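Once you scroll down, you'll see the structures, which are given as structure tokens.
In the two complexes that follow, subunit A is the common piece, with subunit B as its partner first and subunit C second.
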Partner chain A sequence: MTGRTTDGVATELARILLGAAVLAAVVAALVWLAGANPLAALRALVHGAFGERYLLAETLVTAVPLAIVGLGVMPALRTGVFTIGSQGQLIAGAALSTAFVFSVPADEPVVLLTVGFMGGVLGGMLYALLPGLLRAYVQVNEILSTLLLNYIAGFALIWLLKGPLAAAAQTATPRSAPLPETSLVPSLLEGTRLHWGAAFVVLLAAGLMVWMRTRSGLLYRVFASNEGLAARLGLSRPRAVVTSFLFAGATAGLAGWLQVAGVAHTLYPSVDGGLGFGGILVAVLGGLRPLGIVLASLMFAALTTGAQGMQMGTSVPAAIAVVTQGLVLLIVAIGLQRKKRTA
Partner chain B sequence: MLVSLKDVDKRFGSISALSGAAIDLERGRIRAIVGENGAGKSTLAKIIAGIVPRDTGEFVLDGAAVGPWSRRQAIAAGIGFVPQALSFVSTLSIVDNHLLAGRGLRLDRAGALSRLQEAAADMDVSLDLTSPVERLSLAGRQLGEIVSAVTAGARILLLDEPTSALGPVEIDRLVRTIRRLAAAGTSVALVTHRIAEVMEGADSLTVLRGGKVILDGTTAGLDTNEVARLMVGDRDRGRATRAAATSEWRRLKVSGLMLRDEDQLILDGISLEVRQGEILAVAGVAGVSQPALAEALAGLRAVNGGRVEIDAIDVTGDPDGSTCLGLAFIPENRADGIVADLTIFENASLFEMGGKAFRRFPGMRDRSAEHDHGKRIIADFDVRPPDPDAIAGGLSGGNQQKLLVGRELARAPGVVVAHGPTQGLDLAAAATIRAALAKAAAAGAAVVVISADLDELLELGHRMIVITNGRIVAEFDLARPVDMTLLGQAMTGLNGMEIAP
Partner chain C sequence: MTWTDIVFWQIVLGGMLRLAAPIFLAALGEMITERAGTLNLGIDGIMTAGAFAAVVFAHMAGWQAGLLGAAAVGACYGALLAVSVIRLGANQIVIGIAISLIGAGLTSYLFQLWQPSGQMAIFVPLTPTWKVPFLSDIPFVGPILFRQNLMTYATFVALVVGIFVLAKTRIGIVLKAVGDDPAGAEMRGVDTALVRYVALTLGGALMGLAGAAITLGVLGAFNDGLTNGRGYVALAVVIIGRWSVPGAFAGALLFSFFESLGLRAQSGMSFVPTELFSILPYAMTLLALALTARAKIAPRSL
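Right after this comes the complex of A and B.
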């Protein structure tokens, strides 16, 4: 038994190393084609992501919402509910928390932070409830419904920012008025944009690690492959599907509130900024395990911020980060396929 | 001699599946390959079909020795294979499945249809070739696979456990079809663990035990009992003891169950009662009604009318409530009862998990308690390998079934619904499971056994009902000798009328 496990770890490690080598070779070739020395570019990338206190904080600022969204969709994906609606839920959470903060006539940070948090979670949950109910009771394909709801959320946000939530002052792009100082998530690291929202990542990851070891965690796994058996064990389809959706929505909405109240301090049209999809990718990349998801979001974030540094230091465009992220996914997907076949 | 294998060895890891096996297949002859589960009969067929490579041994095809043997080469040589778990895509028709298995870029649907029709007509089979396969009965799918293989040019046809899920009427039809094919020159190998049907269908017989050929000969003049003895070796078969059902407590009560699928009536007013300690045997030609009844009893299938009550509490369409009232359910398809990617001990303790004796904190699992429970079931039901940490999906079908039955019956159930509980199992394992069902009844459960295996029902049941076209057409008290003529009429639906018990 133990022999089999260590054997599994060894092949797993070899697989990861092989994937990393392929990735490094392809990216190095692209950098070289762009006219830069791959080693120098790598140095610039690492520096851009971790080199200074501020840069490291920026990497974490990007990683936090990715990790929260990724951890949030983890149970759904494990359950076999393929929600890709995190983008819309994040927008709904951001919008509702902003509306809540502006409509509460209080000035104490405790009240405003609670209200903002509630708005984010509630907004995300409400926006996830519709596709959840549709999937649970009328078998509407959740991939399609959540994808389309993302568009609706995006346009609704623009309408909100041009109407009910528009800033009083004229702005070049539609945006809300700046959030009151007392409603902002406090800074975690002086002089950077890193905020206390990072604590949610730790809480969520730890909570999910515990959950996976509970009876409930196992039942959702049973549901993924064996609906009837799960129903006999007390987990019906409506419950499995709707709770998965609600959890994904709540966390995406939470990330939305944090982007507004922790980072931008205002609601703006591109509040999602690819975080919704990025989070789902990170969840898959992290092997649907909490630690893996946290690591994967750190890596994705480091690539994004590091590429900015690389663009400044060398002639390589920052878009290389997106290319690299795509390549990582492709390699992981191939790896998963092969694993399935050899299993 | 079309095919001749000699001295074939095959190992899977540390397990020897075949050692020194030999077999000959002749043109126009039917050979049965019989043996218990794990005797190596499927492996032998799969080696001929090019699905499993042999380790060592001689393989002669049409008088010429062949080297490494792939499925593609086997197809080109005209070797058709119909697996036990049928291979058709259920949402496609037989024609489309046939095209799917073929090669070439252009799909000639009309041509394929007419070739299939022709083959079906030659075999004297009438089949719906253009509707999705999922609408066909299991027997229909099986015939479809055979027709498809023959159309694809199979001159050697390997059938792996073709009768395991069929009722007597369907088995008759299958045997007739195979005989017709053989008469037209096809060589047929029939892998099975049911001896009776083999003896009348086959010309020659190979008996395997533990990967070795125990007997190779013609079926003429062979004694069925002798073959059965050879298959199991000198092992005590053990018989389930029948406890008398004396209680008047009706633990399971079903009234007026109706289920409609489009215009077909799958369940047409099924009413029955099962008392404490009683085993009700449900017979009938395998079809859509039996799985529907089993699932409806377990609350897993929504019905159009009627009630299911356990201990006088309505649990219609409520699988969770049924579980709480002590329902054990053994589904027809064991994949519905076992989670393939969980370990044996997790599968074994799904129902106990998180319960009082199985947790340290509310909601948290106690793995060591689960482990102990898994070990108990492994020991009681002889699950192999006896490793609670083994992944359930890696077990053989028979061992998965033992694990499944062990888990369900370990809960001291009040009501047991078992559908084909010993399907595809070897004699020893089947005996273990039948004994466990009898024990559950003796311990106070109301037991419903639905099976296509009449011998099993007659052995286990106190009472038997026959379901045809969704209705109960006959009832027999098994304490008295059963009029087999009446039973046969009920099973075949010959008189189409209700038969008095």
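Right after this comes the complex of A and C.
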């Protein structure tokens, strides 16, 4: 227990600084390649993410689904179930909630919001059930089954938006009709797109923090390190796998409903927009801890909205955000390992 | 032309071989990687990078340069993964995901710098099509097998060389030994780390070439998201094919048959939604994965 000496802190600080320096150097080189001044680009990025009330709200709007998806896959990743299917589950939730909202002959917000919420959760869970069962009972690699299902969901969504869920008016690109006013998630901040769905982030993070301290949470932790012991304590392998899949699906589906009923107000083929994949990254970068995941999703969201601002202000394509996210993941994954080794 | 027409099937099967090239080359790269006991999940990002590099280099100096460029870029990504995992000891799943992000993101970034949106797409000539004399005149199978793009023939060569090297040469035996029993191989004087470096780098080069097979073998231009998850399909194909070269080829044919059928049938069967045909290859791959999953014959140290 002598890891926390000043020497240990100094090497850890040096490691973090080294990682940040490598990241900054690579990103600055890319910005320079695009013919922009790296410092001006950084200013544009910060302004794009936090500079105005509306932009700050946009960062939060992006952080909400990232955090929900990330918190949702946290138990699965802790259990050793590597689901990468949040994208497909988010799409399924968005599609089913839209279908539910349009098929219920009600006009009260309470009913429509409940129905939309249930559609999102149910759609995500149903879409997660198949890879969950395949993993639990037939040993199908969940990374692959969920990746394939992501593509299947993407094509199925386009079909739905051309057929059963198509807008009544002729549109150039497939999309649904706008959702009725009474089914929309209420706005949280006047004049911005920030909606009350943000409350789910707080609920989920708090709920998971409590869960980790309960008997069930401890059982899942035991499962990750000692399957046999967990089974004797009442948590069998199929149950652990399917349950963590269903939880991940439910939350991704919830995020899907929020993206439609809270942000876009219409179901577009681009409803996922990289959020499913991003949510998983955020979970990993957040160290599979609730608060870490929320912080990481804020950072990722700031990077995404900031890069869009930067694209408008300078000549730097917004794809720099994806490169940076990948580099951060790479550097953190290497850094964590070094820390473990020297500890 | 409808599906009852013999020419229809001739075109479908010819297209199947052409579309199998990217998947098989990527699967072969992944198989070499996994046979050495490592995993490359960045396969789709590396294919994207290879597809783009192929177009850029082909635009500057012809298709030969395009192929070389794609292989070189793929090898760089493979080496990056190798250093991160072998030298620096990072988790290979996380690094793989990071590489697929960097591959896709960096390619998209460079693509927009090279061709700002709104500009005309830059097209490059495809690799040459070669008609094998006499053989291509055989009824039905002739045009399918012997009137193909260079990339398709390269796939045939890769198939034969892959089978031979893995089964009959010392290189193949060492590779399998490192994946199955690294400690034993080390004791017999094999440098397992070196074998893994070479396998990951060579595997990356093949994934880059797989990307080139899309742009230089089929499309003639680059666009964002053009792999449509083919890298992940290749990953599935390795498992479906039980880590064998002919198995991977069969798996690639399974996907590309339904892909080719979808492309052709869209004109012949307008009553079926096109998206259903787009889904079919992925659904079939998933089904094959489920049917073959019980057999546990992966390299033991994977």
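As a working rule, the second predicted complex is superposed on the first by the 321 of 343 C-alpha atoms of A that agree within 3 Å, B and C clash if a C-alpha of one lies under 4 Å from a C-alpha of the other, contacts with A are read in each partner's own complex, and residues count from 1 in each chain.
Keep this in mind: a residue touches a chain if its C-beta (ideal position, glycine included) is under 8 Å from a C-beta of that chain, and two chains touch if they have at least 3 such contacts.
The structure presented is a predicted model; accordingly, all values stated were derived computationally and were not measured.
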- prompt: Would subunit B and subunit C fit next to each other on subunit A once aligned, or clash?
  reply: clash
Statement: Between subunit B and subunit C, the one with more contact residues on subunit A is chain C
Message: One more residue to check, A:Leu281. First (subunit B), second (subunit C), both or neither?
response: second
Query: Is A:Tyr151 in contact with subunit B, with subunit C, with both, or with neither (first, second, both, neither)?
result: second
- prompt: Touching A:Tyr54, do we find subunit B (first), subunit C (second), both, or neither?
  reply: neither
Message: Is A:Ser236 touching anything from subunit B or subunit C once the two structures are fitted on A? First, second, both or neither.
response: first
Task: Once the structures are superposed on A, label A:Asn226 by its partner contacts, choosing first (subunit B), second (subunit C), both or neither.
output: first
Message: Output check: A:Gly163 vs subunit B and subunit C. Expected answer is one of first, second, both, neither. What do you get?
response: second
Message: Quick one: is A:Ile143 in contact with subunit B, with subunit C, with both, or with neither? Answer first, second, both or neither.
response: second
- request: Mind working out whether A:Leu327 is in touch with subunit B, subunit C, both or neither, as first, second, both or neither?
  value: second
Subunit A partner contacts - residues on subunit C that touch it in the complex: 41, 84, 88-91, 93-95, 97-106, 108-109, 112-113, 228-229, 232-233, 235-236, 239, 273, 275-276, 278-279, 282-283, 285-286, 289-290, 293-294, 296
Query: Which bits of subunit B are touching subunit A when the two form their complex?
result: 295, 298-300, 319-320, 322-323, 327, 329, 331, 335-337, 339-342, 346, 350-351, 353-354, 359, 363-365, 387, 389
Field: Contact footprint of subunit C on subunit A as seen in their complex
entry: 30, 33-34, 82, 84, 134, 138-141, 143-145, 147-152, 155-156, 158-159, 162-163, 277, 280-281, 284, 317, 319-327, 329-330, 333-334, 336-338, 341
Statement: Residue set of subunit A touching subunit B in the complex reads 1, 210, 213-216, 218, 221-222, 225-226, 228-229, 231-234, 236
